[in-house]
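If you scroll down you'll find the structure; I have some questions about it.
Chain lettering (A, B, C and D) follows the sequence in which the chains are written, and residue indices restart at 1 in each chain.
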Amino acid sequence: MALNVNYIARETGLNLKRNLTLTIASILTVVVSLSLVGISFLVRQGITNASGRFRGNIELIVFLEPKIEPAQRAAIGKSLEENPEVKKIFYVNQQQAFEDFKELFKDSPEMIGSVSPAILPASYRVVPENPDFQATRALSQTYGRKAGVREVVSADKTIKALQKITGKINAGVIIAGAVALAAALLLIFNTIRTAMFARRREIEVMKLVGATNWFIRVPFMLEGLIQGLVGGAISVAVLYLYNNYMTTQLVDSDEIQFFQNFLVESPDVLNTGIVLLVVGALVGAVGSGLAVSRFLDV
Amino acid sequence: MIKLENVTKVYKGDVVALKDASCNIDKGEFVFLVGPSGSGKSTMIRLLNKQEGPQAGRIYVAGKDIAELSAWKVPFLRRNIGCVFQDYKLLSNKTVYENVAFALEVIGRPKHVIKTQVPAILELVGLAKKQRNYPEELSGGEQQRVSIARAFVNRPLILLADEPTGNLDPNTSVGIMRLLDRINRTGTTVVMATHDRSIVDTMRRRVIELDRGTIIRDQARGVYE
Amino acid sequence: MIKLENVTKVYKGDVVALKDASCNIDKGEFVFLVGPSGSGKSTMIRLLNKQEGPQAGRIYVAGKDIAELSAWKVPFLRRNIGCVFQDYKLLSNKTVYENVAFALEVIGRPKHVIKTQVPAILELVGLAKKQRNYPEELSGGEQQRVSIARAFVNRPLILLADEPTGNLDPNTSVGIMRLLDRINRTGTTVVMATHDRSIVDTMRRRVIELDRGTIIRDQARGVYE
Amino acid sequence: MALNVNYIARETGLNLKRNLTLTIASILTVVVSLSLVGISFLVRQGITNASGRFRGNIELIVFLEPKIEPAQRAAIGKSLEENPEVKKIFYVNQQQAFEDFKELFKDSPEMIGSVSPAILPASYRVVPENPDFQATRALSQTYGRKAGVREVVSADKTIKALQKITGKINAGVIIAGAVALAAALLLIFNTIRTAMFARRREIEVMKLVGATNWFIRVPFMLEGLIQGLVGGAISVAVLYLYNNYMTTQLVDSDEIQFFQNFLVESPDVLNTGIVLLVVGALVGAVGSGLAVSRFLDV
């Protein structure tokens, strides 16, 4: 059956206008639930960003004896540089180690008070060619036995722990996002169904006058699509406002650099916005289509 | 055109609305369906346009057993059957004009056809001035006439009218009956359930009388009682 | 009992449904309201139970100007006025029994009274067997009779009936009219809008005729035309 | 007007049963939205708990020279104990300092590798009588000048920073909770309104038959109350399941003690549950009452 574009457009427009109570109710539900989904997505993105930044890529630290001979030190450095398993090294002298320490503990001055440059050992920070557990351990054993080396710390445990933490947080936030999305879909469909219930007589009459299922369904689906898009668009606006507010809040708090790690980039917001629009449009159209069907059986 | 073979319709709670009813209505006939309240007139009409299905028996419309019609074909059956419902069944979100136009939109009539035919038919039933009103803003009789207009705006093969003059004064009723007669003369089969003794007695057409679901009389050129 | 003084009702779009109408109906009278479709009969009834308000004029019911009734008193007015609506206005979520019982619950009648009165009145209108059915499961005439039963189950002072026999066959109509007559004899004022010529002509009561909103005839012991 | 209890109970029961579609829709909305509110409350509680535990109550640390004489050390201790401004002191020797350090950095073995007990200074941890900024600073100046004292670190900056962080997180989570609550109220009211819209004819008819506003409203409100309570109860169940799951998850992760700080106590869950029930019942009853009113004007 060829559907008349003209008819569909007019019918949809009139429906939206004349069932204003139901139109507003549906859009409101879409706005509220998709905004929650969007915000939980952005929080997820922020946490992913933050945990990415917390993690370095240095996998091995060769601590040198504080009183090591410069020659011995150079030998170790050379050996490291020539090792095919090693990709890159950085030498961190005692002063730098202290600076690093101060940076790391700038919020805990009592820690800083407890050390001095002379106390902290110099070290080679090593980026292995192959950031694999076995390779890192082999390197660590090789250099741990060398003279002048106080200790080799392979960061594998730390990384594992860090990965576990961020993995857990990530999983938690993904679950929260999925739950929010599922809740949103449920709420929107629920509202559409209730609105359709209020119009069941109308649908029955159309059917009795000889309208085919699709003839009835298409304008309702278009109506749902538009409600979903409008609701989605409004929740994208809510999202931008939220993100702007959070960004100024986070940038403001420059004394606590920690928070800045959670900043979300514009492309992420854009992507989330697109997802919201698509979800809104889809659930609006498909939900309406499904909800109508219940009353088409006349 | 319409053939009922031993049709029985039982509603839940053992209400036998139609019992072993058989009849044959030819193309172009005009049939009055009479009988006391609750005797099964509306049920018979609902069976004919497949609003409901019978428990037993066969119903043929335009030569086809409508029980064997697949679901997607039912709309096409209904397009050939105009129906004036006892409770009007107007679309409350549409104006009078839109309600009548809907029956034409459903069969895909182009806009210019709709634009000329709808006002013409509304003029015929005396509602030219009410085109832009919603059903809620009409008197009972006016709503009934919208339902009548919608039922035959698309010139159906069969016109089922369930008490189309129940809420009309005698003069308006006569006007509507003239219209139905004219439609009938163009070849449309008309089945009309009615309680209006004077209409039946004046028109002298075929009368089928129901009593508690049974056809107790089927009389050519009959009277109400 | 009922007094209209120069009442005018204009709907949006300049539809004058009632124009400068005046009349005086005494306690215990039985009045037929006649007139073509759309002449303002239902409008007059809707004005009497304050479903709507007039643009001009005064309406007195039981001696009180109902325009001056504060909103919370309107329900008490309506309890004294039983109303058979043209479109029945049954509660679709309630059974026949519950629909009729509702009118008694509203005025706080105790359960045992409801339990005896409701079946009795349903018996009177011939619906004893349909008590547990929902309005959707009734024929047009049956729904109309439920509306009639609900309107006078609580013995109102005034009974407004808007085409109470529109969907009833002549025999059932006669039964209903006998009932209305009996109610009227117990002192209830009855105002009935109707299109049924034979009823009006048989009963020979006061007839008020409307035409396009104007009262054009007010005749004691009148006929339909 | 005396309302008939019998009538109300029966009417409410029938309404709930006969408008099953709408009843289910309302309960579903209450469940989904209140569960979100409840979970956001629990997360908030967890964060509050965690930040409470992160914060110690030691406000001042007097680090001693590593090579301090025992007599000098005892003198400093005595002076601290006798100072009326000081409430309590703890002596932390070098070995203990190292243990603390190891505990603190157990996830960062490279930090542990960089220090040894001999390097870390012993210290007196001081709880001032008056945890006030001025008093703490005065103490810090007094003892900073003493012989044998390497440095006095007043934790006020740390505490400020920590308070700022936890304050911000708290504010964020409170806002999130408030937003979730507002969203829930909006969604529930929206659904109730839509459901009532589907029943507007019924309400009008009741009014025309002579029912007073309260006669109509009370059963609807009771209906809303019950829907709210049922929805609230289900979301309390959801909350318990969530909390149980999270608790086992958090206790499981004992290698990352950090997470255990977020554990929420049973009383908190109970309180949140009660809040949900009350909110559900109130918004159900009041929302229905308001939504009916719109159609009572007949």
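A few remarks follow.
Keep in mind that, in the parts below, a residue touches a chain if its C-beta (ideal position, glycine included) is under 8 Å from a C-beta of that chain, and two chains touch if they have at least 3 such contacts.
No experiment lies behind these values; they were computed from the predicted model shown.
Listed by label, the chains touching chain A and chain C alike are B, D.
The chain pair sharing the most C-beta contacts is A-D.
As a whole-number value, the distance joining the C-alpha centres of chain B and chain D reads 67 Å.
Chain A and chain D, compared by their mean Cα positions, are separated by 23 Å. Distance from the chain C centre to the chain D centre is 62 Å, each centre being the mean of its Cα atoms.
A straight line joining the Cα centres of chain A and chain B is 62 Å long. Taken as a contact graph, with one node per protein chain and an edge wherever two chains touch, the assembly forms a single closed ring in which every chain touches exactly two others. The complete set of chain-chain contacts reads A-B, A-D, B-C, C-D. Across the complex, chain C meets chain B through its residues 11, 13, 34-38, 41-42, 86-87, 132-133, 137-142, 145, 162-163, 166-173, 195, 197-198, 224-225.
Within the complex, the chain B residues that touch chain A are 49, 51, 72, 75-76, 78-79, 83, 85, 89-94, 98, 102-103, 105-108, 111, 150. Here chain D touches chain A in the complex through residues 21-22, 25, 28-29, 32-33, 35-36, 61, 63, 97, 107-110, 113-115, 119-121, 123, 150-151, 153, 155, 157-158, 161-162, 164-165, 168, 176, 180, 183, 186-187, 190-191, 193-195, 197-198, 249, 253, 255-256, 258-259, going by the rule given at the top. Residues 1-2, 4, 6-7, 14-15, 18-19, 199, 201-202, 205-213, 215, 298 of chain A are the ones touching chain B in the complex.
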